[in-house]
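Attaching a single structure in structure tokens format; questions to follow.
Note that the chains take the letters A, B and C in the order they are written out, and that residue 1 is the start of every chain.
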Amino acid sequence: MSAPTIVSLPDQSTARIPKVNFLTKENGLLSWLLTGDHKRIATLYLISITFFFFIGGALAGLIRLELLTPQTDLMAADTYNKVFTMHGVIMVFFFLVPSVPATIGNFVIPLMVGAKDLALPKINLLSWYLYVIAGCMAIYTMAAGGVDTGWTFTTPLSTHYLNTHVISTGLAIFVAGFSSIFTGLNFIVTIHKMRCPGMTWFRLPLFVWSNYAASILMVLGTPVLAITLVLVVLERTVGIGVFDPAKGGDPLLFQHLFWFYSHPAVYIMILPGMGVISEVVSTFSRKRVFGYTAVAFSSVAIAVFGFFVWAHHMFIMGISNYAALVFSLLTMLVAVPSAIKIFNWAFTLYKGSITFETPMLYAFGFMGLFTIGGMTGVFLGSTGTDIHLTETYFIVAHFHFVMVGGMLMAFLSGIHFWWPKWTGRMYPEKISQLAAVVTFIGFNFTFFPQFILGTLGMPRRYAAYPPEFQVLNVFSTAGASILGVGYLLPILYLTWSLKYGAIAGNNPWQATGLEWQIQSPPLTENFPAIPIMDHEAYDYEWLEHEQQKEVASVG
Amino acid sequence: MSDSSAVHGAVAEVHPHEHPSYQRHHFETIEQQFDTTNFAMWLFLLTEIMFFGGLFTAYLIMRNWYYPAFVEASHQLNVGWGTANTAVLITSSFTMAMGVWNAELRRKGGLVLCLVLTFILGLAFLGIKTIEYHEKWEKYHIPGIRYSESAFLNPASDPEVHKSYPDDKPLAPDMAAHTEMYFFLYFAMTGMHALHMIIGIAILGFMIFRARAGAYTTGHVTFVENFGLYWHFVDIIWIFLFPLLYLISRHQ
Amino acid sequence: MNHISPVLWQFLVKWLTNFALFPPEASKIAPEMDALYFFMVLVSLVGLTLVVLLIVSFSILYSKKRHPVATQIEGSTLLEATWTIIPLGLFLVMFVWGALLYFRIYTPPANAMNIYVVGKQWMWKAEHPGGQHEINSLHLPTGRAVQLTLISQDVFHSFSIPAFRVKREAIPGRYTTVWFEPTTPGTYHLFCTQYCGTNHSQMIGDIVVMTPDDFKKWLASSTSGNSLAQDGERLFASLSCNACHNPGPDSRGPNLANVYGSKLTLSSGQTITADEAYLRQSILNPSQHITQGYAPIMPTYQGQISEEGVIALVEYLKNLNSDYRIQQTLNTTELLPESEGKQAPAGKAPATPVRGGKGEVKQ
């Protein structure tokens, strides 16, 4: 007995991928490398970030292997320090930050607003090139011996006490930052100025709202990181002590400047993922998202509040107790909109008509794991418990729950959801559901023990640890191997599906949303004629009406 | 019609719809194109404000902590040159605005003249900056590379500055060390500003070339207008830098 | 904490500790922090259960098979309000509770025994006021409030004692403080938790908590002969600080007797309290900390004194209660815990009485 599904494919014996689409329109390397088409750029991004994800993942594997034993035996301490630093730098700046926006966002946002392209196609292409240049600089750094500052570049360690490749890494991140700024800028301008007639703000899909909020953070926060890195580079080269207390500078100034970006950065990473979840939960419950307005405003609230909580990364660093109080209070406030979203998604299921295709499985995984990750964030936002838990594996577990259990699951959910639109083909359902379940199990095994390790006091960034922590570490590594399998499978079957997947047709999920009303893969110009939006987002009654019209006209 | 190539090929396309030749195909109307690119430029300038913001933050903190050092170090800057530079930049903003006006009126000659004047004024600014930087080099006030605190430990040893500021007391050694921090911020902030000026002047050069070919006087003023915004922004940054760096003690 | 049965509490904590799932509680603040922690765990469990229950039950009840047609619902302001206000309320409870704990941990009581800790790559150096020096360990008595004054010699480090539930960053350039009261004898982990370079994982040690008697014995057996203050006095003389800082009428610098804890007016007009941080800054950055009425002529000692040297000087100044030569009052036993609070015997005669006028404090 097969599970009920909403998938509606055209007759496979006669269906074909449309001959003219954005992939086939022009051929040759130059047509790809000089493209302005947002869909091609999204594809280029997808390939590049997948490449970096696997490098980052391999580094994670090395970390977990080293931590199987309490001693520093697999690699020298210096090497371990380089491995976790590069893991952090690559995963944060080269995978998580661009993941959903630069791939799915680039692909889908013009379609969702009813435009033919993003507002600034050349800037979009420039953004990809900056990403690739930054990536090359990062690879150069790794090949030349790596950097071991930790992804947080704490001064004065990074400015005066290390002789690894800090400058090249700093510059790589600087360039990647501009890639991110240009993506965000493009999205904001597109969403403001390129909506099709009838597309009011409150008719936009929630994916657009989330990316809009994330783009505000990208545009306003990333420049501060850029200037901070410039100051670090100057301090290393010219030797001024703006962060050096012996010369009258202040290392805490670096912390403030760094976290002023890096806290909003985590919201840059999660908001687009939340947007995906809105789309997926809605489609697979056949219902408008519960509390559309609340979810839309929550996204913006997270973006706004996200700018005012940065010092919660500095509670034990000697900031004044009163400052800590203020930032703790604001942190509690920023936690609330995320909670609102989780409940709204849960209630979208109420009286829906639910099916359990792969994107929905990943979405469920997201909701559970992000709840845990988010709640543990509150543990850390409360100053009293933060003293004990900060700088331990509790933090590591917390951010992996929200980033990997949250964001990465949302990314995979979105990739599977829009795969048919992107490639014209369906992925194989059974193995993908298996991969989703394997990922979920592996993830919990890997990261849940780390909460316990953190409470026990095991510090982060340790290559060696007291022997009583070994059992939990072994558990964690075992989980990581399962997790690795879970992430490897999609690469294999998604590549397989490019040739052998079922033909998807325009709207295999029977979803609302303008992107599902056009061919798969779309034409280069997206819409033969600019659509006019005359219904609300997630309007399943409208969809049914359209389908009946189709039946009537064909029949 | 597709527009998948960023480089406009020599493909002759038949346009069933009417629109100016400079309208990009993903825009429905030329108004949308103007509106969009203008908005994009404002947003980009906002990111630039955030970028400079980090430097301004560092400056404000260090000045608050080491005020006497900042005051005396700032006396090493020539207010005359600084004022001249301010006048140069404000004038260049005026000529730039005139250039935009000329473009709107489709007056090629006027536009080219204004762009050339702006270009020259921009170079004048950089020239004055070079003179100032050179003076710093001569007087051993390059932080980290070639620095001496003697002018602050003993103001009488620098007769030129001492004449203008006879009330400057010798600084204690640890406070004198902080003058280097002032100069670091001076070079970082004016250097970053100068970098933006250089980029602007380079684009101006390109624009003069294109303006002479008539590219901006067909009604397509967006490029000139948006560049004007950038130029005014660079001017405004200087308007803040000048009092913060040159005029610290003037209120007394 | 008092509302929970001690039996239940002991069971919970001891059981978890035995299974290496929870750190031991060895300080007075630990059970209080644990109470908040368990409250948060409870709230998280309830929240997670609620979310999972909603998802699972809705998925079953409204699966496509069971509920083929979805009912379009816009939303419910009441529900929105509920799940905004309740989480916010719970988070605010955690905020207030946590803030109270935080203020407690980072506001040392006035009578706390002070131990200086200097962190450097890659070791911890602890200095007891009685002159006992430890590396990568810290001996402590139970039943006493202990304050740590931390500083780093190079990069950021973080002094962490999980069993006490305290942690504080050791920063280059200024002192940070934290306090606790150990309750249970035993040996506990000391970790550096701020990544500091190659041997970050090796920057660990032992916190040895002893009964007060054992601690006294340890102090007596580990003394280096001189208390920190005596080291400081020697340094004070060898650096010729007394050339300016003496009680003579036309001395170039302010007299430093009893300066610690006093309110000073600086030449900028600002009034400050002379605490450890001020004393340290006035040695290393004197020109910003000139007392009103004095010329800014004090040279800086930045680069000439190590952090331990500064600590010794600060300790000396903290104990400098009179103009008289006080070397014989600065003996080790006076700095032991049980003699805290006792003044130096009033009748103790100085070896070389200082006459009024131009007398200088002799070495």
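Operating definition for what follows: contacts are C-beta pairs under 8 Å (C-beta built on N, C-alpha and C of every residue); 3 or more make two chains touch, one makes a residue touch a chain.
Treat the numbers as computed from the prediction; the structure is a model and nothing was measured.
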Practice prompt. Using the touch rule from the top, point out the two chains with the most contacting C-beta pairs.
Written response: A-C
Practice prompt. Compute the centre of every chain as the mean of its C-alpha atoms, then state which one is farthest from the centre of chain B.
Written response: C
Response to the item:
Taking mean C-alpha coords per chain and comparing to the overall C-alpha mean, nearest is chain A
Worksheet item: Between chain B and chain C, what's the gap in Å when you average each chain's C-alpha atoms?
Response: 47
Discussion item. How many angstrom lie between the centres of chain A and chain C, each centre taken as the mean Cα position?
Written reply: 39
Worksheet item: Hey, how far is the Cα centre of chain A from the one of chain B, in Å?
Response: 36
Fill in: Multi-partner residues of chain B (at least 2 other chains)
65-66, 174
Discussion item. Using the touch definition from the top, which residues of chain C touch two or more other chains?
Written reply: 285, 302
Worksheet item: chain A: which residues touch two or more other chains?
Response: 248, 250
Worksheet item: Once bound in the complex, which stretches of chain A touch chain C?
Response: 4-6, 72, 77-78, 81, 148, 150, 152, 154, 156-157, 160-162, 245-246, 248, 250-252, 285-288, 290-294, 315-318, 321, 324-325, 328-329, 332-333, 335-336, 339-340, 342-344, 346-347, 349-356, 364, 367-368, 371-372, 375-376, 378-379, 381-388, 390-392, 452, 455-457, 459-466, 468-469, 471-472, 540-541
Discussion item. So in the complex, the part of chain B that touches chain A is made up of which residues?
Written reply: 1-7, 24-28, 32, 35-37, 39-40, 43-44, 46-48, 50-55, 57-58, 61-62, 65-66, 143-145, 174, 177-178, 180-181, 184-185, 188, 192
Worksheet entry | List of chain C residues in touch with chain B within their complex | 284-288, 296-300, 302
Fill in: chain A-facing residues of chain C, complex
20-23, 33, 36-37, 40, 43-44, 47-48, 51-52, 54-55, 58-59, 62-65, 67-76, 79-80, 83-84, 87-88, 91-92, 94-95, 97-103, 105-107, 121, 154-156, 158, 160, 162-163, 165-169, 171-174, 176, 189, 191-202, 204, 285, 302-303
Discussion item. Could you list, by residue number, the parts of chain A that touch chain B in their complex?
Written reply: 22, 25-26, 31, 34-37, 40, 115-123, 125, 181, 185-186, 188-189, 192-194, 219-224, 226-228, 230-231, 234, 238-242, 247-250, 253, 256-257, 523-525, 530
